[in-house]
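Think of it as A, B, C, D and E in the order they're written, each chain with its own count starting at 1.
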Amino acid sequence: MSQSDITVTETATPKRPVRWHIAVFLAPAFVVYTAVMILPLIETLRLSLFNVVGGELAFVGLANFAQLFGDPRLAADFWNAFSNNTIFFLIHMAVQNPIGIALAAMLSLPGLRFAAFYRSAIFVPTLLSFVIVGFIWKLILSPIWGIAPNLMDLVGLKSFFGPWLGKPESALITVSLISVWQYVGIPMMLIYAALLNIPDEVLEAAEIDGITGWSQFWKIKLPLILPSIGIISVLTFVGNFNAFDLIYTVQGALAGPDGSTDILGTLLYRTFFGFQNQMGNPPMGATIATVMFLIILAGVSLYLFVIQRRIRRYQF
Amino acid sequence: MGSLQLSSIRKSFGTHEVLKGIDLEVKDGEFVIFVGPSGCGKSTLLRVIAGLEDATSGSVRIDGAEVVNTPPAKRGIAMVFQSYALYPHLTVKDNMGLGLKQAGEGKAVIEERVAKASTMLSLDPYLARRPAELSGGQRQRVAIGRAIVREPKLFLFDEPLSNLDAALRVQTRLEIAALHRRLKATMIYVTHDQVEAMTLADKIVVLSAGAIEQIGSPMELYNRPANLFVAGFIGSPQMNFIEAGRLNETNASTIGIRPEHITLSREAGTWKGRVEHVEHLGADTIVYLETDVTGLLTVRLFGEHPYAADDIVYATPDAASMHRFDAEGRAIRA
Amino acid sequence: QETQLTIESWRNDDLPIWQEKIIPAFEAKHPDIKVTFAPMAPTEYNSAVNAKLEAGTAGDLITCRPFDLSLAMFEKGQLAPLNDLEGMENFSDVAKSAWTTDDGQTTFCVPMASVIHGFIYNKAAFEEVGVEVPKTEEEFFAVLEKIKEDGNYIPMAMGTKDQWEAATMGYYNIGPNYWKGEEGRKALIAGTQKLTDPQWVEPYATLAKWKDYLGDGFEAQTYPDSQNLFTLGRAAIYPAGSWEIAPFKSQADFEMGAFPPPVKAEGDKCYISDHNDIGIGLNADSDNKEAAKTFLSWVASPEFAELYANSAPGFFSLNSTPVKMEDELAQEFVSWRENCETTIRPSAAIVGRGDPNLDLEMWRTSANVINGTMTPEQAGEETQKGLDSWYKPKQ
Amino acid sequence: MSKARSSFLRTGFVHVALIAYTLIALFPVFLTLVNSLKSRNAIFREPMALPTPKTFSLIGYETVLSQGDFFGYFQNSLIVTVVSIALVLLFGAMAAFALSEYRFRGNMLLGLYLALGIMIPIRLGTVAILQGMVATGLVNTLTALILVYTAQGLPLAIFILSEFMRTVSDDLKSAGRIDGLSEYAIFFRLVLPLVRPAMATVAVFTMIPIWNDLWFPLILAPGEATKTITLGAQMFIGQYVTNWNAVLSALSLAILPVLVLYVIFSRQLIRGITSGAVK
Amino acid sequence: MGSLQLSSIRKSFGTHEVLKGIDLEVKDGEFVIFVGPSGCGKSTLLRVIAGLEDATSGSVRIDGAEVVNTPPAKRGIAMVFQSYALYPHLTVKDNMGLGLKQAGEGKAVIEERVAKASTMLSLDPYLARRPAELSGGQRQRVAIGRAIVREPKLFLFDEPLSNLDAALRVQTRLEIAALHRRLKATMIYVTHDQVEAMTLADKIVVLSAGAIEQIGSPMELYNRPANLFVAGFIGSPQMNFIEAGRLNETNASTIGIRPEHITLSREAGTWKGRVEHVEHLGADTIVYLETDVTGLLTVRLFGEHPYAADDIVYATPDAASMHRFDAEGRAIRA
């Protein structure tokens, strides 16, 4: 391309009339979201730069952050929560998303009978409130009520049963798996919707080409739903690093035993709102929230600016 | 190896019956062309043969074996879809090679066959592109390429050349004919192009509204159409149909005469008429004239002719080339 | 003209009691005041009420957690001082201590009730196994051992999953006998005793011995699990708080008895935890202060004390006027006050207001000790270290 | 769909796998429902057993339905949920369309800005939100909840929808533009119908946290007239004792409407909407 | 109303230059046809005119006004896409009516125009169907219908008839011609069909690799192709090209002679040759023969002729119809 071409393009574009419709499309979401969500959150995160000094809230700069990472106990709590959270996330990535994708792939097989029933049934856990999920799983896994031991007895695995939720070694994994159980519906739905989007003709062509079953999934469907897989990964990341409710209902705000299931969300909650006789410390809570926010922001930016741009999208 | 029997294939979409009992026998290695008006069921029939669509009733046999329960992949077929159905995420090369790869062919074999097909279809510069970056004709060629690299025993082509220019079309047509000879594969081919149908087919099947009107070799259909429909459908411009009464023919209901079987003269002839419109195609000239006896008459003349609208001319039919049809539209054979 | 009062509370279990007994009784006397009891889940209570107070939408009356949480509200000006409230004179200083400033000058909540720790047992089970109520620790473990041998009952119903059970029903329950109640608690505040001292470590050691007598998988046993194990008759002893009385009564179909935490040796002085647990204060922002005060005065009256103590047995009135209680088990608990010294939980006042929170630390260490993942000494060290990190006793 | 394309073995395997997972998914729910119909003793003695005439008890449901105005709570929940979903879908889809369809300066940044909301729990903003609602006089109105939920649902909706909108064929939109359709018409008439499965998905994702939320109803609209079903059910979760009969019943009752909503939305999950558009 | 000026339109996809400076003037009411090999940039040019694609440089004027910043919707055009681009969620009727509805036409007007177009295109039975339930040809007709109901001043047709059968094609072609006359609209039309190009166009634009090779009336292109490319592209079968040297022509580099301008005889003629292959099209016969002088020669004969492979025949060119080209491929005019 010659130099002059470039200049012509550049001078041609600015003349474009103002595209008001873009503003119209964006305005309602922008206004509601900014007013009800962003401003209050900024108001809160702002607190991370303040602290109570002599009974008055005063600007302290980054002192809270220094304290969070400098104070051995706070730092230990934070890093413990962070590493638990990372494990929590990895378990979801390794278990929840593959299962969700597999379920969606099976459900979207054309002509599968009872697909709607399966889909709804599998989605039911996602519809439940945390209260019930926490309650029911505690009941099931409770050594006292014996549902899990009895079920495992049926398949001869009783000896493997243990009070999983109460042991530091197994509690985090167990809670993660409960969360997986509850949330599998989300990747499933998203991937299912993405799979429905693939035009029938393309799949028919694959059938003719001898690409059926699993290889059809790997070679045709998967590449076409890759953007959705990107989305569920990022949503899993964001959701997991923001997670709170399930741990809270299953393990309590202390996320025991001995902090072994403490993740950033529970740590934040305890710090910000306080718990039992511990008083809330909004500035420190806001500090933790800001750090969490930065972690998540880093992940999401990585996705938005690097991964999302590389993933190819195909129009149907 | 590649023979096909269809017996009383019926197919309905809801209450709408698209195929109304198709019986057809295709011998191994035959080149069969389906023609018929838009919407008559050609693509549907191909899809039934491929196993993409279940027939409502009837049986499909490939090499004598009933294939109702054989998945498309196992039927040993390749298909070019009318809508191309390319894999949007794969390059041209991978679009063509995927089937082979799946069949476990070696890398070298795949490379070679894809290269051959792409050269044949002039796709070499586009091998690394994805379908969205191709023109309509290029996409269509990729679709063809994808089918032919697999070299199966039965090909199903659904209007594979419709978006190609004349030169490429002739070339690709010849390539397909060569492929047919080389692989001795059975080919079933849908086209709207008369030249393709006439030049490629061993056997043409004329379909209309989901039923077969006539099966025969190209020249058979041209020279001895079984009925009014076939007579009108084969040949372009269309055959002229004249009410037999007007020509004082009593043992027929309709008389048909092809535009190319009428000669024109400014001086004298059988029917006197006035030129309505003239189309100059370069190699041919099509004259539309209105005569008192026959009504509107289409005449096809070889080469260029300086007729113009409102000229008075005389048309003379070649009596030997006239077709007679009875009241039901069936051809009356002498 | 009618005034509308709203009470914020975490006691949603008490909703029927308030709706059916307490409020009608009040409204009968004050027809011009309408009261709404608006409870929420206890887990949400602190944060929700705080948010509402800050935004100015909280109810007129605020149920007060003991000690520091309410103190903080008062210091923020969210709770009104109640020194001159009519009826306040009905409470002793000890009763008011949970809702009074450190200097003892200002009280900001009307004390409502305290809870007492001890052990509830299944009388039928004791008879079956043939054991008596233990007085000393030795006897206590002998009883446990015997029940265990018998095999029909789980000796003791407690789990460590919820952590607080381990501390509240365990450490705070048996501990006062070791650190001598108020003496130890005050020494801790004064800095003259450390949590690493034997009197603070020993109760952990005793707790560690409980492990063998708890149900299978007690590590994953939750608080309701424990309750149900006991009330369904599968466990013999339940380390309890008096608040269990009412629900246990309605759920268990066997006779229950109670005994205070066993002492080390026969004849030792006994100490029990008699913890101020619930009070009620006035939202400083309330538009209906007068009506609210009227209500609070009524809450401070002996009439309310009797009504409440009998409606919610196990929540013992803090009113100086003696309250006649009908429930036997409740009477049993209260009777311990006669022989034993009472004290409140050591982590509740002053040493419990920093970060790390001593109360939560004790929950955690108690659970760990019982689980066997921490030695009693470590427990003492860790809690002391946490305390040291922020607490400087006044010299 | 042709028979030939489904192999017996594969279908069988798929059914086995799906049934297995369905059991895993439903078993706990089954426990909940079954136990909500049993007496308290039976719940704990034999949690797995079906209610027998002896253990059958509706005490939980009786408690729930006698406590407070449960149908009113239902109605509140329903209004809040449905209106919020509608707003989230409408506003979210509009914004997603703008972000995915047009190239303009700051597009990426705006996208990131609109995604910030999924990165911080909105709970943290409670005090400021509550103050805002107090200032605007919206406390104890359903509007307050609707506003918060709309704001809360938007980021995710925009995130997901813009991805799906990118898959709508450009040719189709071009055809619309040639047809003289305004940008609005292209959005409402072409793009929206074509991302129906994604809209349904977003609707479901939006619905769950709204329906199950305890916090904001508690803070913003705890009044009797505006109480939601989850908040109502929460009354049964006590400090020391829990009335499991009532909790199980209340939660069982609360599942039903979401399930119904889910089924309604999931009917939009239809195959092949885009088939036949382009070749 | 409907004139169009393109000046030095360039368009690149990445580094790949697809349009290399197109200058074109279309007068109001003209019928212009673009032809050219697959992938030469025809569709891209239409898209630039429509405003769907920004040209890299150059200007598009409609009725004299620069339209670079006018959105497609405001350019007053209708377009038939090569890929149809139907609205998959709308019925045939709504597909056609949407534009009118959007323009605020009354219900009655919409009904009437849609009904008219659907009758014209034989779509009446399908009005309630969605695109997925249509055959390829039916989809294409819907795409045409959608364009014509709006009756704008400028039509862009991208291979609108490629999937129609011969009869329907002729009919639709005539309808488009009628529409053109009735609306006095300007039409720009891409096709690979020589008959369409020759019969419809006022002016044919021959494109090759993104550049214009020649613009002219159909007969001009047929009779006086400007260069080898146009000569070879217009006319089917293709013109025969013979190295001038072989014919002892010295003032030219290549000699072209169309297949229809050669006569065959079994007895005598200019070039003696052997028949390689014969195609019987019914109305025509195409004979491929190998002569010593010219190499492979294609001859198109009118009607049926009993030639067969390996027959020895003599071919005689019509000297007056020979085309001469210089070494650069440019035609040498006498």
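Just so it is clear, contacts are C-beta pairs under 8 Å (C-beta built on N, C-alpha and C of every residue); 3 or more make two chains touch, one makes a residue touch a chain.
On a predicted model such as this, the values are computed, not experimentally measured, just so you know.
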| item | value |
| --- | --- |
| Shortest chain-hopping distance from subunit C out to subunit D | 1 |
| Chain-chain pair with the highest tally of contacting C-beta pairs | A-D |
| Mean-CA-position distance for subunit E and subunit A (Å) | 55 |
| For subunit B paired with subunit C, centre-to-centre distance based on mean C-alpha positions, whole Å | 91 |
| Rounded Å distance between subunit A and subunit D, as computed from the means of their C-alpha atoms | 16 |
| Separation of mean Cα positions, subunit E and subunit B [Å, integer] | 20 |
| In subunit C, residues with contacts to at least two other chains | 228 |
| Residues within subunit A bordering two or more other chains | 145, 199, 201, 207, 212, 314-316 |
| Residues of subunit D touching at least two other chains | 1, 5, 7, 44, 126-127, 169, 182, 214, 234, 237, 244, 272-275, 277-279 |
| Subunit C residues within the subunit D interface of the complex | 10-13, 15, 36, 38-42, 44, 48, 51-52, 54-57, 223-224, 227-228, 232, 241, 243-244, 247, 251 |
| Subunit C contact footprint on subunit D (complex, rising order) | 40-41, 44-45, 67, 126-127, 130-131, 133-134, 139, 214-215, 218-219, 222, 224, 234-244 |
| Subunit B to subunit D touching residues, read off their complex | 51-54, 67-72, 82-84 |
| Complex contact set, residues of subunit D against subunit E | 169, 171-172, 174-182, 185, 189-190, 193-194, 272-279 |
| Subunit B to subunit E touching residues, read off their complex | 13, 35-39, 42-44, 82-83, 126, 133-138, 141, 158-159, 162-170, 192-195, 198-199, 218-219, 222-223, 232-238, 258-260, 279-284, 286, 300, 302-304 |
